[in-house]
Each structure stands twice: as structure tokens, then as C-alpha cells.
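Here chain A shows up in two complexes: once beside chain B, once beside chain C.
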Partner chain A sequence: MTQWSGYFGLILQGALVTIELTLMGSVLALIMAFLAGMGRLSRFFVLRALATAYIEFFRGTSIFVQLFFAYFVLPLVGFELTPLQAGVLALGLNVGAYAAEVVRGAVQSIGREQHEACIALNLGRWQGMRHVILPQAFLVMLPTFGNNAIELLKATSVVSLISLADLTFQAQVVRAQTGNTMVPFTTILVIYFILALLISWGVRSLERRMARGLDGVRV
Partner chain B sequence: MSATAPIIKVDAISKSFGAFKVLDGLSMQVMPREKLALIGPSGSGKTTILRILMTLERIDGGHIQIDGEQLYHMERNGQLLPADERHLAKMRQKTGMVFQLFNLFPHKSVIDNVTLAPMLTKGTPRAAAEKRAMELLDMVGMADKAKAMPAQLSGGQKQRVAIARALALQPKIMLFDEVTSALDPELVEEVLNVLWRLCAETDMTMLLVTHEMGFAHDFADRVLFFDRGRIVEEGKPDEIFRNPKQERTQGFLKKIIAAGHRV
Partner chain C sequence: MDWDWDFVRQILPTLIQGVKITILATLLGSVLAAIVGLGIALARRSPNKAVSRSVGWVAEFIRGTPLLVQLYFIFYVLPDIGILLPPLVAGVIGLGLHYGTYTAEVYRAGIDNVPRGQWEAAKACNLSARQTWSHIIIPQAIPPMIPALANYFIAMFKETPLLSAITVLELMNQAKSVANTYYRYLEPITLVGAFFLAISLISVVLLRWLERRYGKIER
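What follows is the complex of A and B.
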């Protein structure tokens, strides 16, 4: 009889690492999404070009290769990263590239009449963006941001390849030590699923809260 | 500036959308405190001139002076240069606009719609901005809905809030772009009443694009009839509505009356 309780403890430790990676990666992705998304809408060619280059590059190359690059190649040019730092960097930049297009699309979906009201009220470009356009656009972004966060959660499993002890890594450890494949992998399958459900649920309740009053029914 | 100088001077402006010439060498002058009604068929350029005065559209040629200053040009060392964003922002302080579709900010409460611009553009403290907003909302009969969200309001109520919002910046000139056109007939009156009140209680210059001919007749000091990007006829309301001289004005008014509008 295998001592499963110890092994479950190991997997739970892995879950904490996965959650940590997901949270930190999401924060970086969110920052990149707004920087690059707004960059794509900039009046200035240089900013538009930079944002486009970033988005196309990180969408067009594999997260797996990006992670290896961050962890194994950057040290060769003097950037030594811990596995956690490399993981957050690769995940954040990769998912941020997808989310940047969400930001751009949502901002563009806000009607011209809102921009015109801003001009008529003499709000500056940034004031209008900050107080009128982005708050409305954010609501449009939220559901897709939820998808992006779940994608990021699932992508965290690649960090096990650079020896970061996340869920997937720990499942492999347990498998190697017990010879049992079914129990560890079924367990992490369920844990990933629960984490994804938590994200869905969190985003949906945030969406509900922010939409309050907008349809004239719920206040 | 002397009291008799025009507050708006439009000099030979033109504006095209693609191949379509909306305004064709248009000139006009508006005196301070004057109430002007702009009428004419759709596509005649009357809304475009309001949008140009609010800097929502740029002109292709000509000059505009508002309150003695160039709108789209800056005078630097005796030279006229195209206006930069800072100059436009300064000029926009003189003018407010109310839109056909209200354009309220749906994510902000009624009072926040009214206080936003004064707080951001003039640095008015929140308490003072709210006090002023409540006075304005009271004037348009919307004080009891200050905490409501726009989606909870009827069209007429939204438009009254939009008027209060524009007034909060204390413009000298107010532009009303078909402000009752999107309203159910029974809601038109409440908005027109607010306009009457503004007329009686303030000395703002008001330009009104409207299809409410009866209201235009009673309200305006002067009526401009637009057709194909030009002012075809202008005069006192009685002259234009009772005794139009131009054929096109006569034709337009006939159509309007046939459509059931009171003149």
C-alpha cells in the first residue's frame, strides 16, 4: 500500500506553485495587454509598430520555445533568471500578446458617439480614455480575459520542463516514485479543472458587478 | 470686444465627405445672445456646421472666428497657423453641444455625468461640482434622478440630463443638434420646455438644428434655411415661415406641413 497522503501533499505544493505562476503571469499579461493594445491604437507610428511587432512575435512563436529561450538562452547574454521568473516572463508575454488584441478590439467597439461626447465636453484624449472609454471597454474585455487566464493556467504546465515544481512536475515525481500513473494524473486533471472553474466563476461575478446599472434593470 | 461684434463668424468654409460637398463656401454670422434655428432638408449641411463649430469635423477651407478668436487657426507672429490640440481645447471651452442621441456615459450615474467634465477640465472640487450639478439638474427637472443610471431614464429625461451636462461647463454658445428627433412625440415637450427656460434665464447664444418648425418659429430670433451646403434664405421666423421668398424654402415647408408638422 503506497503512502498516498505524503504524495498528495506534494501535489498540493505543486498546486500552489501553479496558482502562483498563474497569478503572476496574469498580472504581467494584463500589463502587456494594455500597453500593447493601447500602443496599437496610438497616433504615433513608432508605438504602433512596436506593439504590432510584439504581438505578432509572441503569438507567432511557441510558448515552449519562448520559455526555453528565457531560461536557457538569456543567461548566455547575462540575464540570469530563476525558473519562476522565466516562467512568469514567458507566460505573461505570450498571453499578453493575445490579450492585447482583446484590449484593442474592445476599445474600438465603443461607439463614436462616446468619443464625440468627450470632445464636446473638452476632455483630453487621455481623460476621455481613462474615464469614459476604458471603463466601458473593460466590460467588453472581461469574458475574453477569462478565456486568456484559463489558457495561461493550462500553459503553466510547460514550466515543469525547466524543473519548476508545479502541478505537472509533481505528478511526474509521484509517478516516478510510485510507479502509478493513474492516480497522480487523474488528481492533477481534477485540480486544473477546479482552478479553471474558479477563474470562470471569478470573472463572471466581476462582470456581473461591473455591469450593474448598465441595462437599467439591475441596480 | 464691443457688444455688437458677432460671437460666431463663419467665412467661406467648405467641407466635403469624399466626393460629396456638404458645405460649399458657407458664410454666416451670429450675434451674442442670438437664438438661431437652422432648418432644411437632411444632407443640407445644417448638422455639419454645428459639428464643425464643436470641432467634431475639420473644415477643408475657409475661416471661423468664435468670440473674436480663430477656431481652426492660431495667430503666431502675425501668421495664421493650423490650430494645435491645445488651441482647440481652449476654444472648446466657449461651446457646448447636445446631441440627437444624448451620448450620455452609460456607466456613470446622472450626477456623475454632469460633474465629470468640470472636475477633469476645470479642476472643480467634487463638492462644488456636485452642488452646481444639482442646481442644473433641478433646472432641467431631473434633481430627483441624480443617483439614477442613464439606462433607467426615458429619452426625454436622458436629453435633459445631457443638456445639464453641457451647461455644467458654462459655455457661451450652445449647439443643439436635433435634440428632439429621437424622442417619442409625448416626450418632446419636456425637452422643449427646458430650452425655453434656458432662453429666458440665460444669455447664451443658441444654435438649434431642428425639424420642430412650430418651436423654431416661436423660439428663434432668426431662421436659416439650408439647402445643398448653402444658406438659401434667412430672416425673421415670420418671414421665413409665413412668406418664404425662395422656391426651395417654399417647397421644403410645404413638404414639412404635408408631413403633419405644425408651423
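What follows is the complex of A and C.
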């Protein structure tokens, strides 16, 4: 009988790395999403072009290729990254590109009358965005952001291929040491699923919280 | 490290070998995903609560866990219970199952979008369930689904590099092996990225066309 408790500790360590990656990647993705999403709505052509190029590039190639690029090619041009940094960078930039489109769509979904009201109240472009448009748009973004976060969680498994000791990596270690495949892989599948459920539950409760007091205001 | 065109010319034939496998896996995976998705969508509409609930949960589980781990599961765990699959077959099954759970949602939305009146009219014309589906519902439900389905097939195409983790010799794996042989990462990985970017930029154009052609729902 294999001593499973030790191996389970190994998998838990992997789970911590996965959670860490998901959190840090999400923060970077959120920042990139707002930067690029706002960039696409900018008045200035240069900003729009930059944002579009970023979004198309990162949505156009797969996360796997981007990760390998960050880990193997960037050092050649002088950016030495640890596996964790490369992982967070690739995950954040990739998911950020998808989320940027969500930001753009949500901001555009806010009705014209809100923009007009901002002008009527003599709010500047930035003030109107900050106090009127974004708070409403954020609620529209939330559910899709939840999906994006789950996509990011799933994408973290790819970092195991650049030797970062996340869940998938640890499962491979356990497989190599015990020769058993069923137990480690089933365990991590369940852990990933629980993490995904946690994210969707968290986003739903955040959504409920933020929608409080808005009944009847939103159409 | 500088870009070396001679090296590019030298490795190109090997990469093209990989491209063929990548495209093959995408096509087979798409067909499987289309079929699996239809199966899931129909099962979820089943009047039998046990069937619809359990299929719903399984689909939810597959959608909430990483494709990479599912591939490992198919490739490493199934042989233990006597199912030994060649890498490419395992990869195609993984892609098909994973994206089948996504296409199932597309089918569901497409079927739900057929107006109620069509169902009632079919009933009024005394069509059987089978006739209703094949002559009334499916022909109206399919065209609006096409852009969304194509979107997922493109997403699947971008995920094919993951198959390299279960030793399928597709583009990414060929690039990695070339890189490891000559210890030059810059050209192979960049070429892979450029290839995926090129295909996905082309597919964006194709997708726009599909949306114009089929995306409108006639009411």
C-alpha cells in the first residue's frame, strides 16, 4: 500500500502554486483588460491601434506558445524570467486580452443617455467614466470576468510544462514515483473543479452584492 | 541571438510535418466536438431528469477542468483499465470532449432561439417529434449557430499545442524537438507563434463573413 498522505501533501503544495498563479495572473489580466479595453475606446488613433494590436496578438496565438516564448525566447533578448514570472506574465497578458474585449463591450453597452447625462452635469470625460459609466459597466463585466478567471485557472495547468510545480506538475511527480495514474489525476481534476466552482460562486456573490439597490434602475 | 534565415529554411520542412498533424487534429477534433456537443445538448433536453441532470454535471465538470489534465487522464489513466490509445487518437478525443461541452451550449442556445410559434405550428400541422426536429427546428437552428461553432473550432485549433504534452508530433512538438536539437529557440518558437497568429487573423476575417452570412436571425 502506497503512503498516500505524503503524496497528498505534495499535491496540496501544487494546489497552493496553482492558486497563487491564478490570483497573480488575474490581477495582471484585470489591469491589462482595463488598459487595453479603455485603449480601444480612446479618442487617439495611436492608443486604439496599440490596444488592438495587443488584443489581436494575444488572442491570436495560444497561451502555450506565449508561455514558451516568454520562458525560452525572452531570455535570449535579455529578459531572464523565473518560471513563476513567465507563467504570470503569459497568463495575465493572454487572459487580459480576452477580458479587454469584455471591458470594451460592457462600456459600449451603457446607454447613450448616461453619456449625455454626464455632459449635462458638466463632468469631464474621465470623471464621467470613473463615476457614472464604469460602475454600471463593471456589473455587466462581472459574469464574463468570472468565466475568464476560470479559463485562467484552467490555463495554469500549462505552466507545469515549464517546470513550475503546480497541481498538474505534482500529479506527474506522484505518477512517476508511485506508478499509479488514476489517483493523482482524478484528485487534481476534482481540485481544479472545486477551485472553478469557488471562483464562480465568488463572482456570483460579488455580483449580488454590487447589484444591491440597483433593482429597477437597470433595464 | 540573431535571426538566422538559413536555419529557418533548414527547419521549415520539419515544421510543416507538424502543421499537417495540427490541422488533422483540429479537423477530427472539430467533427467529434460537433457530434459530442449535439449529444450533450439533446441529452440535457431529455424529459428524464436523471439523464439531463447527470449529463449536465458531467459537462460542467469537463468544462471546469483543464484540457491538459484531461489529456493526461485519457493518455495515462485509460491504459490502466485496458484502453490503450495512440497519442493522436487520445488527443482528438480530449479535444472533442472538451470542446463538445462548449458546443453543447451553442446548440442549446440555437435551439432555444427557435421561436415558440414554430413548435406550435409543427404540432398544429400534426408533425411527429422526429419530423418537427428534422424539418422545422434543426434547419432554423443551425445557421445562427455557425459563427459561434466556428469560433470554438478556432479556439480548439489554438489549443492543439497542448497535444505535444502527450507526445503527439504536432507543430509545437516538432518546434521543441528542433529547438532542443540545435539549441536555438528563437526561430522555431517564433515561427510557431507567427503561424498561429497568421491562421487566426485569417480566421477572424472568415468569422466576420460567416457572421454576416448566417449570424442574422430572421424573424
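The rule is simple: the second predicted complex is superposed on the first by the 215 of 219 C-alpha atoms of A that agree within 3 Å, B and C clash if a C-alpha of one lies under 4 Å from a C-alpha of the other, contacts with A are read in each partner's own complex, and residues count from 1 in each chain.
Here is the rule we use: a contact is a pair of C-beta atoms (placed from the backbone, for glycine too) under 8 Å apart; a residue touches a chain by one contact, two chains touch by 3 or more.
Here the structure is a predicted model, which means the values were calculated and not measured.
Peer 1: Is A:154 touching anything from chain B or chain C once the two structures are fitted on A? First, second, both or neither.
Peer 2: second
Peer 1: State whether A:19 touches chain B only (first), chain C only (second), both chains, or neither.
Peer 2: Touch status of A:19: no partner.
Peer 1: With both structures superposed, pick whichever of chain B and chain C touches the larger number of chain A residues.
Peer 2: If we count touched residues of chain A for both partners, the winner is C.
Peer 1: Check whether A:175 is in contact with chain B, with chain C, with both or with neither, and answer first, second, both or neither.
Peer 2: A:175: touches chain C, not chain B.
Peer 1: On the A-aligned overlay, A:189 touches which partner chain: chain B = first, chain C = second, or both, or neither?
Peer 2: In the superposition, A:189 touches chain C alone.
Peer 1: Looking at A:81 after the superposition, I want to know if it touches chain B, chain C, both of them or none. Which is it: first, second, both, neither?
Peer 2: Neither chain B nor chain C is touched by A:81.
Peer 1: Could you say whether A:35 touches chain B, chain C, both of them, or neither, answering first, second, both or neither?
Peer 2: Neither chain B nor chain C is touched by A:35.
Peer 1: Please work out whether A:73 is in contact with chain B alone, chain C alone, both, or neither, and reply first, second, both or neither.
Peer 2: Only chain C; A:73 stays clear of chain B.
Peer 1: If you stack the two complexes on chain A, which partner ends up touching A:140: first (chain B), second (chain C), both, or neither?
Peer 2: neither
Peer 1: Touching chain B and also chain C: which chain A residues?
Peer 2: Looking at chain A, the two contact sets are disjoint.
Peer 1: Once bound in the complex, which stretches of chain A touch chain B?
Peer 2: 113-114, 116-117, 119-125, 127, 131-132, 135-136, 139, 213-217, 219
Peer 1: Could you pull out which chain A residues touch chain C in their complex?
Peer 2: So the residues of chain A touching chain C come out as 56-57, 59-62, 64-66, 68-69, 72-73, 76-77, 150, 153-158, 160-161, 167-168, 171-172, 175, 181-182, 185-186, 188-189, 192-193, 196-197.
Peer 1: Within the complex, which stretch of chain C touches chain A?
Peer 2: 1, 61, 64-70, 72-73, 76-77, 79-80, 158-162, 164-165, 172, 176, 179, 185-186, 189-190, 192-193, 196-197, 200-201, 204
Peer 1: Under the touch definition given earlier, write down the residues of chain B that touch chain A in their complex.
Peer 2: Spelled out, the residues of chain B in touch with chain A are 54-56, 85, 89, 92-93, 96-97, 99, 101, 103-107, 109, 116-117, 120-121, 149, 151-152, 165-166, 169.
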